[in-house]
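Okay, got some structures for you below.
Below are two complexes that have subunit A in common, paired first with subunit B and then with subunit C.
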Partner chain A sequence: MRRLYQIIISSEFWKSIFRTRNFSTNLGRSMVIFNNLFLHILPVKTKRETLHFGATMYLGFISFSLFVILTLTGIYLMLYYHPSVPQAYWDMKDLQFAVSNGVFIRNLHRWSAHAMVAAVFLHMLRVFYAGAYKTPKQFNWGMGIMLLILTLLLSYTGYLLPWDQLAYWAVSVGANMADAAPVIGPKLKFLLLGGNNIGENTLIRFYVLHCVILPLAAAGLIGVHFWRVRKDGGVTPLFRKRSEQIPDNE
Partner chain B sequence: MSKKDFQTTIDAEVKAVPKRIAFIKRDVSAHVKSEDSEMVMTFPHLVVRGIICFQIVTIILVIISLLFDAPLGAIANPLHTEVPAKAPWYFLGLQELLHYFPPVVAGVLIPALVIISLFVMPYFQINAKAERLWESDQKKTLFVLTFVVVFLVALFSFFHAMAISIPTLFIYCLMILPYFIKSDIKFISWMRHISLTNWIMTWFVLLAFVLTVIGVFFRGPYWRWAWPWIEGIY
Partner chain C sequence: MLTNKVKDKSTVFAITSLLFLGVLAISPTKDYFSEWRAYQKEFNRLIKDQPRRIKPVEIGIKQIWLPELGVTDRCTSCHVGISNQKLVDIPAPFKPHPIMYHDSEEFGCTPCHNGQGIATTVEESVGHEEFWDSPMLPLPFTEAGCGTCHKEVTVNDAPLLSKGRLLMQELNCVACHILPGFKPEYVPPLDGVGKKRSRDWLVRWLTDPRSVHVTAKMPDFRLNMEEVDILADFLMSFDTYPETVEIIPLPDELKKEWPDDDWVNMGAKHFREARCISCHQINGKGGHLAPEIGKIASEVTHEWLYNYIRNPREFHAGVPMPQYGFSEKQTKTVTAYILSEFQDWDIEEDSIEAVHTPVPGFYQKGLELFNHYNCMGCHELNVQGIGRNMGPVLTNIGSKPQPELEFGDVDIVHTRTAYIYEKIKNPHQFLENSRMPIFDLEEKELKAITVALLSMNDKKIPSNYLPPESAISTYEPQGMFGQLVDKYSCFSCHVINGKGYLLASDLTLEGSRVHLDWMKHYFEIPYTLRPTLTERMPNLFLQESEIEYLSDYISTVFVNDEIDEVEIKMNEEVVQRGKKLVNDIYGCVSCHQVDGKGGYVGPPFNETGKRSKPGWIYNWIKNPQKYRPDTIDPNAGLTDEEAKQITAYILNLK
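The block that comes next holds the complex of A and B.
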């Protein structure tokens, strides 16, 4: 195994992709971050106090993991889905009976969506109680609120797509809420539904929002959000390890 | 040095308090409070933890997805209203509000206020100094707090919103606890340290939780009350 590892690491192919071979020195480890477009968003060094579980409960990581799972399963589901009435519903039935692992992927997408709403909300609470919205992190706190709203919207627009009774009436509850807004309410509802009632136009509207507009917006904001965590000096831990606790000056 | 000779605070206002003086008692080690805390390399320490986190999340969700199937009702039918028509669980708190207040208030005003206050909250430096609720002028604090709570509870009671009044009174009781109990029990002195901002957030979270739980488990057809152990969950 070790020899195989050595062969891979020292190959020209590895070097051409990752540009780094040596992980045994801190310079080499820094290079891993420097040389990678995606890891580049992380700082080269991290505070040790932010790594243990009580500091963040890893809720940010969990939210992002769920976003990745949702993107992957979502793309798979798009392959089998037509945003039209009533074909959308028959596609759900196809997923259930005809597509390999269709039910499993749909379950994974559905439960991850629920989990993501919860994880993002808990992440907000963790950040709040750690006091991590204060100077200089006000802007990133705002980004986080935007991401929470985007998560809710993503989940809400996705709710209509199966085109079953559950979806239809849940979305009509929300649409009636928009209707109640003063002055712009009815116009807002019309804009949201693409008509006066939930129908084919609503489905295509929600489909485009759910699969293109909102995910792109979320991905962009996630990038800004991560980058600002680094710029603003890293994570503020919620709980500290006993050995690292700051004693009360009383 | 006796205990009352000095008082230390952590101040975020750099212009007002340019220098920080730390009194470190002998029984406290000096390495504690430090801005430049120990650093470790992000790779492998953070990157590997992130990958493990992703794997654990994936494994848990795969297990859940193998065990439980996502619900799928009959095909959508605009002529046949689902009873009860429930939004996804995270909006059921809002739907529960809709039951108490007129749609403009529950569906527009309250959500908009919540979102706006979350956005602007960090720009009001109420909590920047980590000021505790019971720090200064305790009598005045108690008076203002009681006045506000009485007003809010009266307002909610006008709309028969028991589900909001009761958690509000519960939080109020917790808030005034340190005023009436002067002892130094750990729990009470911990409560004395909580700032007003944290109390408001806790109140908001408790309300959101109570309303959501009621919406999910305790509401049946036509949004009337339904005990889940008698009628089941709708």
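The block that comes next holds the complex of A and C.
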């Protein structure tokens, strides 16, 4: 086992990916992180006190995982979905009745969406009670609020896409709430719906927002968010384990 | 260096990963064990026992996709044998569809049956799916699907639908509801009703019309005693006829308590000749087109009766009863016969109130009730303050969204079909003080009307899928002929150029069909051509000049030269060949009589020569359906020569 491990990590193939051979020193381990686009968003070192469940309840990670699941299932659903008034509802019916595992993927997307809203919200609560919005983390708290808004917008825009009664009226309510805003309300509603009533334009608009603009914006902000977590000195634990009051031996 | 702690965690990690993989496998497993797949496998197993070799079905979702019709029907995923007529004794859902005119590949399933065709589970396609607004029509109501496209009153192969539409016409639903395609029925107007009826009769009639006439068309409005009293007083106050109505006082001969026997006997003879019971019922016998008259002498004033027999049109131009050409004396004798015979012997003299004091304020209250129950929907009454007060529009009742139906707390399944059925059965169960009357219908009739109403929906069917619309006739006979046709109500039984009711024959080509002499004779003494027919042509007591005019008009106008231009050679050889064809080869005698032998269905051949013109016989036997699409006379595919031989034989019979 160990020899196989050695063979693998000393191979050219391995090196071509991680560009670093020596993992036994702290420098070597750091180089792995620095030299990799995907990993360099992670800190080289993490405090042990931030790793146990009570510190973060893993809520940030759960939110991000749900985002990944939503992206993957969303792409799958896009393969079957036409954002057009005569077709949208029937595409959903097709997913339900004729597409292999269509119901599963659609439900996964839907429940993950609900869960993500909850997880992001709980994550913010955790951050708030841990006091992680204080200096120097004000900026990242702001990022977090933006991400919460993006999550809610994704949820709202996705609601219209099945084009059923629930969708139609939920979006009607939402649009009328925008309408009630002072001064800019009516313009805002017009902008949101792409017209005065919910119709083909609204569907296209919500589809593009849901599938392109909002996910890209969220992905970008998530990157910034992670990067700042690291730069601002890692997470602030909510609870600490009593044993972790003792300094690390190594 | 893996510590123990890390090792423990990797075990947990490994187990959770496996668990997740297991969970992930649920969806494909469910997909694999889907209902339709099980059905298809079952089908492939069952066809091994079939007497004829059946091709097994290739496993996979099947669908009929007709974008133009908006149909994506996956019904055939389970109903795999639906269009395979070779299958015998195979259980549902594999049974082949009963033979029908439409090809399921061309029309799909849901345009007729409704249901969620796109679904692939039993529950969601044909079951009670809450969020699918056109659930499958229950099997007894399937004919509603035919009526979606076929808007004519009688639809071939849809007896229940046709019955429902005829019933709706007969019950005059259109009086209170907007129903495209239905015409208002003739209902007696109420002007002068106080002169026609007694108050006592009105009270009995308003309380429950069926207790007076078993076949009464007026439904039961469930009026309470107070309402009945007010309405009776209100109606009795209309005791003058409109100015246009000229009333002749009852002749002295009829004022006696019992008319002379001679008159009664004479009247009875004319009554039979006039075939009054072709339309009217007397003690449970007779036609159903007009009201019962078994007790008419006790139900109307004698003056009204006399005047009505003289000229029904005097009271209302639209009345379907013909104006018989009785002479003065004949009118009197017929009236005398009716007065002496059609009495209500059960009436108790004591029960009739001698002097009645009207309810205070009856007029205003009566008018309100009259309007409330929309009496004017059926009955005309020319008085200030009368208005229409219609019920709901039923144009698209067959597709009214189910959530919009008010089920109240009635314990029935919440479907449109059940709602309509129960609503007609008893409207008051949904709404205590509903204005809709009770029609007291049998189960079959309720079903028929439900089917007819369900067929009134807003389904969008492209025009190339619709049957050719039968053109509405604009024929309106003019001049003297028009007047006569109107006077004798010919259109009540006959059709000419697409106008009228087809109870008797279509007269559009009558001039090419029968000889002039025969026609004249027939007007004098009509008889039925087919022994089994009950609705018979009455003797209308036409005047000599009228018979002359009508016969001449018909034989010059209602002709088709193509029919007339046929030459029939008559010689012994041709006649003998024709005889053989009629008796042996085509077996015509199983329905038609020759020399007193043969069937009873068609008209006897012996008299045909005197009646029908040669050209007509020739053309008719070649293609009977061309002239009357619903005739049961078969098209035997005769050659021209054979048809001529048979014609010659029939003409030769004496």
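Quick notes on this structure:
The working rule: the second predicted complex is superposed on the first by the 224 of 250 C-alpha atoms of A that agree within 3 Å, B and C clash if a C-alpha of one lies under 4 Å from a C-alpha of the other, contacts with A are read in each partner's own complex, and residues count from 1 in each chain.
Heads up, the rule we're going with is that contacts are C-beta pairs under 8 Å (C-beta built on N, C-alpha and C of every residue); 3 or more make two chains touch, one makes a residue touch a chain.
Treat the numbers as computed from the prediction; the structure is a model and nothing was measured.
When the two complexes are overlaid on their common chain A, residue A:Asp232 makes contact with neither subunit B nor subunit C.
Once the two complexes are laid over each other on the shared chain, residue contacts for A:Phe104 go to subunit B and to subunit C alike.
Set against each other, subunit B and subunit C differ in how many residues of subunit A they touch, and the higher count belongs to B.
Looking at the shared chain after the overlay, A:Tyr156 reaches subunit B, while subunit C stays out of its contact range.
Touch criterion met: A:Val173 reaches subunit B, while subunit C stays clear of it. By the document's definition of touching, of the two partners only subunit C reaches A:Asp94; subunit B does not.
In the superposition on chain A, the residues of subunit A touched by subunit B in one structure and by subunit C in the other are 96, 103-104. Those residues of subunit A whose C-beta lies close enough to touch subunit C in the complex are 90, 93-94, 96-98, 100-101, 103-104. The part of subunit B that touches subunit A in the complex is made up of residues 3, 8, 12, 23, 28, 32-33, 37-47, 49-50, 53-54, 57-58, 61-62, 64-66, 68-78, 80-82, 85-91, 94-95, 98, 102-104, 106-108, 115, 118-119, 121-123, 127-128, 130, 198, 201, 205.
Within the complex formed with subunit B, the residues of subunit A that make contact are 23, 26, 29-30, 32-33, 39, 42-49, 51, 58, 61-62, 65-66, 68-69, 85-86, 89, 92, 96, 103-104, 106-112, 114-115, 117-118, 121, 125, 128-129, 131, 133-135, 137-138, 141-142, 145, 149, 152, 155-156, 159, 162-170, 172-174, 176-182, 185, 197-198, 244-247, 249-250. Of all residues in subunit C, only 26-28, 30-31, 61, 63, 72, 74, 118-121, 124 touch subunit A in the complex they form.
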